[in-house]
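Got some structures for you, see below.
Two complexes follow with subunit A in common, the first pairing it with subunit B and the second with subunit C.
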Partner chain A sequence: MTRNNSTIRKGALPRSITVFGICVLLASFLTGCWSQRELSKLAIVVGTALDIGDQPDTLKLTAQVVKAAEMGASAGSQKSSSGGKAYVNMSYTDRSVLSAVRGISHMQNRRLYFSHNKVLVISSELAKLGMGKGLDTFTRDYESRMNIQLLISKGKAFKILEEDVDLEKVPSLHLFGMMENQKLNSETAVVTLRDYNIATLSGSPAPVVPIVEMKKDKVKLYGTAVFKKGKMIGELDKSQTRGLLWVTDRTRGGALTVDTEWGQVALEYLHSNSSLKPVRTKDGAIRMELTVNEEGAIQSNETTEDLSRLENVEKLKELMKEAIRSDIENALSQARSLSADVFGFGEIIRREYPKEWEKMKNNWDTLFPQIELDIRVNVKLSSTGGLVRPVIPGGAQ
Partner chain B sequence: MKSTGGNISPKDLMFAVFCFIQATVLRSGYIIAVTRQDSWAMAMTGFLFAIPIVAIYAALLRKFPGKNLIEISDCIFGPIIGKVVSAFYLFFFLSLAALNAHDLGSFVVRYLMPETPIAMVLLISLMGCAYALRKGIENLMYLSICLSIIVAGAVAINSILVLNDMNPGFLKPFFQMDLMTYIQGTVTIGAVPMGEIIAFTMITPMLEKEKKVLKPLLFGLLLSAFSMAFAMLRDILTLGPLVSIVSLPSFESIRYVTLADTLTRMESIYAVVLILLFLFKVCILLYAFILGLSHILGRKNQPLPNQDHTNPSFNTDQPSNPKSFPPLTLISTALVFFYSLIVFESAMENIDWGASTAPFFSLTYELLLPAVSLLVAFLRKLGKAREVRE
Partner chain C sequence: MKRRYYSFFPQNYKKNLAALRATFEDSSDLVIREFSFGTNKDKEVKAALIFLDGLTNPTIINDSIIKPLMHDNHLLYEEEASDLSDLDLIRNRLLSVGVVKTIYTPNEVIEACLSGNAILMTDGFCQALDIGAKGGEKRAVSEPVSETSVRGPREGFTENLRTNTAMIRRKIKDPSLKIRSAVIGARTHTQVNLLYIDGIVDPDLVDEVERRLKKIDTDAILATGYVEQYIEDNPYTPFPVIWCSEKPDAVAGKLLEGRVAVAVDGTPFVMTMPMLFIENFQTAEDYISRSHYATSMRILRLIAFTISLFAPALYIAFTTFHQELIPTTLLFTTAASSEGIPFPAPVEMGIMMLIFEILREAGVRMPRPIGQTISIVGALVMGEAAVQAGIVGAPVVIVVAITAVSSFAIPFLMDAVSIIRWFLLILASTMGNLGITVGVFILLVHLSSLRSFGAHYLAPLAPFQRRDLKDTAVRAPLWAMHTRPRATNPQDLKRLRSNPPRNPSSSEKATGVRNHDKEQQYDP
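Here is the complex of A and B:
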């Protein structure tokens, strides 16, 4: 800034004093503000569980909080070097999620901080009554994020957060890691809070959430919970879940053991994709067409048969096709019996034939079970792994 | 303080328009709630809607070279009615400055510093704006290029990082809503972010090539329209049906960024960019208000920073006294501060205003008044054409 007149007016403060004053003022702002949050004042939540409360119309919230000081000790044990657990579970029962969160402040000196929350486990009991109460708070709150993993527990949800984990220090982090690993087997529908909300808002809402259960102090993922109008109405087993993933193009990998005339052979899914599209028939009805493309490899041959022979490869491909088709038909049958459009047929029809969808949407519950699904499976077995022929006694002779 | 006129290049003006509109683009929730998955197209139709509005501004500025909107009103309507029309414009600039300052304060308080009183955030932000204006509007205009690069970079990086979460199916079905919905979307985009560039008619007399007003304004709008469409597409593809129910779609979509569990919390970049853009926009609006106020109060001989001294409407014989400007700046800033504190009682009131009243309120000042001014100027044969004949 250049001054036209460099003369300092009488009574005005010298420039250096003004600049000094501004610096002091700005320095005072650097110290923080009303919203400062010191790490030592926060209880960082990494997992949350929701159960039905012991009083009518209440829910029990359990927050798993990490003990930051204990996290540095060697991995592989829940217990830290000082002998204590690396986490603490805090529970409170109240009429809503928010009041339960605030209620924990009656027992703890730190404020619960949900920005790092990784998993939200909801008991199937509560899910059958309705998910809205819990999920709206976690979606609406600015602190929480929508990329948290959503799970339904068989039995009490807080028990899942008490798992005796071997390779991690904190059960929630173990559960979160497990969910990220599911693409290896494609037998679990991995669902985040965002996915659940999108499915709920879609044209034919029947969201799904993976089920987790506790067996001998260890958690295990098994099957999928099916929702309608915010309430859990049924389940899909392992095979049906695989079928669901095939239809919704969420299969990324996995293994399939088939029984052949020579013995057991393990095949691996390498690359998969599927496309689902609605087709209008001549009589004006709509049916769905599913095309599954799968590229696999022979991963294990327990037989003495040379599976690299082309006629054997064709037989394996047929078995693979049958297995995939069977999973899909299983899933379709269960979805029809629940009258729950878990595949999102309605949403796809709404996108492709919006005018027809307008006529169908009010009767979708009765129309969905009647929708035909044409399944086309294309399988390619591209390799036999590291071996061309099996290891058989004297095979080199 | 540089006070020579004609030192803003058309390029600066173009990027300033881009930054000015971008502040509203990044909080596109109010428009996506109406036209949902087709909102991206509204950016382009909104641009087409804004072209005649900008053409009116350009025609007025061409007819009265070297004059800003307030001076033009004086010329067209005379000293008394002209002052009344100018007062309307001033009210509009003040309201826009207060509304945008309120939006800035609400964003900071809701998402970043929930326990900080909004008054504190507004006070510090507006102090910053007043300081920037004291340093000169031309510096702010120079900065618009840097700011545009930062904005474009942030939008591009954030969009690349959420590619994995995008689903093209969310864009379907295409254009299935009724026509009125699209008209509402078009008018809202054309009026609310785009038409607000009327504030630049207070700055255009400072252009190096004063006659070249239309081009930078239109190119600035076009850049904004593309950027708006791009940001909306990203949000729709990432959030799907959620996009129409969240408060800040861009903020929510960027929250999904996770790269190898290391690069997360990218929304902080968005927050910084949004705050910078809001400060820029409030500065421009505040400047338009202060400049207009100084004209109305008859302080023409006490020029504002960077005001055109070559302009015949100023008495260049008087020595410029930059110190005469701050009281007006501080008074105006204080006015914006108090107005922004009381402008809305709640976020719900703000949303309702944005969806129902804002387009009509804005169009009154952005389209109706300038159009009437131009018409009267033609009827009274005022402006450059007549001067030439004389």
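Here is the complex of A and C:
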């Protein structure tokens, strides 16, 4: 055991400690608390909207700022709610996003704080002109996050942020929650800023962004916007969007109502996955092979037929297969007519056949519509739900 | 400093007494009882019994010293009784007291007197008899105040050194429990005992402790803490590097781990050394309760330590530098409560922490009945009203409250933590999480540089000692802890080899029967 420290020290602090202490003390003054910001000096932005400005070559930025005192009122804070709106929308028109943000600071006593920005709504007019301006700033800035939900609005974007909300207090938070809720029906391509950037930066695919529209002060999801070279070139409707999700393996549940010979039956998607594979044919052309595996269940049976009978199950499976196939074909034909590779075929070909891709990539726009897609759908109906026979029995018993 | 004494006047009894009186001038508690004894009138011996009233036991003085001398001459053989001029005779045949020493110098007379003994001086001798008659009022053994126990022993040390060492001796009935004695303090003459178990403890450690004790040159030692400050390795660290306890069972446990204990007369606390950082999180109760529970409590204490150290700093760093790390909804509530607060967040936190420290200090120092008033004023007025008046935000009160409660879960580190917390708060409010990281590194460097009597403070974590981890965050079952902690460098590393208890139904039946027979054999 070493006992080199055994002597009892006496007297004043060792010189080294004093010097070190002074240095630390002085250094802490040098920092000057830089990048410190008080919570009460921040305007927390939860949603942003971009529109075309009224002057040429300008855009109008609308930031939705939360009134924290109103938000906290329900959390037992002492300050009573005045019953007003829990948010303020601040707009400014300028040549760029950044200068618009700076512009708002001319009118406000608080600094806009974008770290908790949840949604970015871009009007379809602006999207048709090109998205580059807005998105670059939101991607490049340190404060803003990549998991913002991207939305395209039919009509003015700032109107979307003036939605009349029921369950939430702030429209942006409602929109954000709504997008998270979309896995229930698999009819919307949920796209974050990050997804959009990955799609554009990887070169080949045409990014998609969901579209919202205002109907009687309420926001409603509507379809999917298709982009090419940063500009919106077309739309996919609900069925086509579903098809897109099947191909890109993003279906996570949802419901399907089929018309049978006995009446309407609702089926539920339980588990699904799909795989997309490029295959080279004998003549050297590349085809895509899509396999969709779907496991479903009967969710509601509005007929009097006993659907637990095997031949009926087979019929339902056929109908389900048909519905999935038609969605995919729908989406494919729309993508071909827009000549936009929304499925990311190009990226898959590049991974699998890089040499061929080198030859194809330059005229991909003309090659894409000619790519054949083989669709194979495997459907399993694993359950009839909590009931075997219909509630109102009858039919072929 | 040395006390100046007169020297004995050989065989001059009167002069000696006068000198003694002069030394104790103006000490009204000094009693010099002069009397004479002997069977023959012409051979009567003059004697004086000298003691300090209050330090001695009157029963011993009356019944065991004065009575036999004056009345019980018949106990002696006739030929002896005729001449009582032999001190050895008095000592061997008359005094019915356990501890009797012959002393030769006036210094010894004074020291014996001051430590509560009675001195018998007889005319015509240059020796005196130092008779153990210690007594006087002392506090009874009671339940310790600072450490309570649910299943463990309830007795706690008292202010009396001998009582304390006896309590330890009662736990460890082994002659190899050694108790060395020293007297420190030129004026207080405080008895300091050094306890260790020979054969377990590292002899170098004992020598080192003794050497440091001997080095103490002061006139007053009034409590354990005095000695602690004189002998600790790192006088400038906020962390305790010498462990102390009010419970004999806890100290006995430390002795059995190869540590040295130092008991100081006048304090109901006994120190043990070397101390490891992890001892801050260990309690005597840990070894009594089941190991799962003890382990979870250890982990809980570690969490409490982390919270009480970092909670205010982290809150400030998050709310003033890293708002993006706060979940959105929580940010809204936090922002709502900081709305309209006149101070910047660090100042707000500082105010609340200061109020808490004042309340704590007031609660400790105040007499019990007033303490309650303070807690009411503190809880209601300071907490609730400060929020309502808009001076501090509710989250700040919550953070300070959780910090306070957590620090009570680690009583040993409470002092250290309450200082370091401020240091981290300043770092966090100037540099955010970067500052906290810097603070953590400074702390780690400091902790790993600490030594306690040669042992590394962070052992067994740094230097890493895998086999000693059984008694850190995890408290292994007692039968699994085969060895003593290596950090104390014990001579006898192995505790007794033991095996996990077995379910008797799973072992052979015959074994059970055999065991039963054995038990009966031992029965007397």
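Assorted remarks:
Please note the rule applied: the second predicted complex is superposed on the first by the 353 of 397 C-alpha atoms of A that agree within 3 Å, B and C clash if a C-alpha of one lies under 4 Å from a C-alpha of the other, contacts with A are read in each partner's own complex, and residues count from 1 in each chain.
Heads up, the rule we're going with is that contacts are C-beta pairs under 8 Å (C-beta built on N, C-alpha and C of every residue); 3 or more make two chains touch, one makes a residue touch a chain.
Predicted model, so just to flag it, every value in this text is computed and none were measured.
By the touch criterion defined above, A:39 lies against subunit C but remains apart from subunit B after alignment on the C-alpha atoms of chain A. Once chain A of one complex is fitted onto chain A of the other, the partner contacts of A:118 are limited to subunit C, with no touch recorded for subunit B. Counting the residues of subunit A that each partner touches, subunit B and subunit C differ, and the larger count belongs to C. Looking at the shared chain after the overlay, A:335 reaches neither subunit B nor subunit C. In the superposition on chain A, A:69 contacts subunit C only, with no contact to subunit B. Residues 1-3, 9, 33, 35, 145 of subunit A are contacted both by subunit B in one complex and by subunit C in the other. If you check the complex, the residues on subunit A that touch subunit B are 1-4, 9, 29, 33-35, 142, 145-147, 194, 197-198, 201-202, 348, 350-352, 354. For subunit A in complex with subunit C, the touching residues are 1-3, 5-6, 8-9, 13, 17, 28, 31, 33, 35-40, 42, 44, 46, 66, 68-73, 75, 77-79, 113, 115-116, 118, 143, 145, 173. Residues 1-3, 110-117, 120, 124, 134-136, 169, 172-173, 176, 239-242, 245, 252, 255-256, 258, 319-320, 322-323 of subunit B are the ones touching subunit A in the complex.
Contact residues on subunit C toward subunit A in their complex (touch as defined above): 202, 204-205, 208, 211-212, 215, 230-231, 233-236, 319-321, 323-324, 328, 331-341, 344-345, 387-388, 390, 394, 426-427, 429-432, 451, 453-455, 489.
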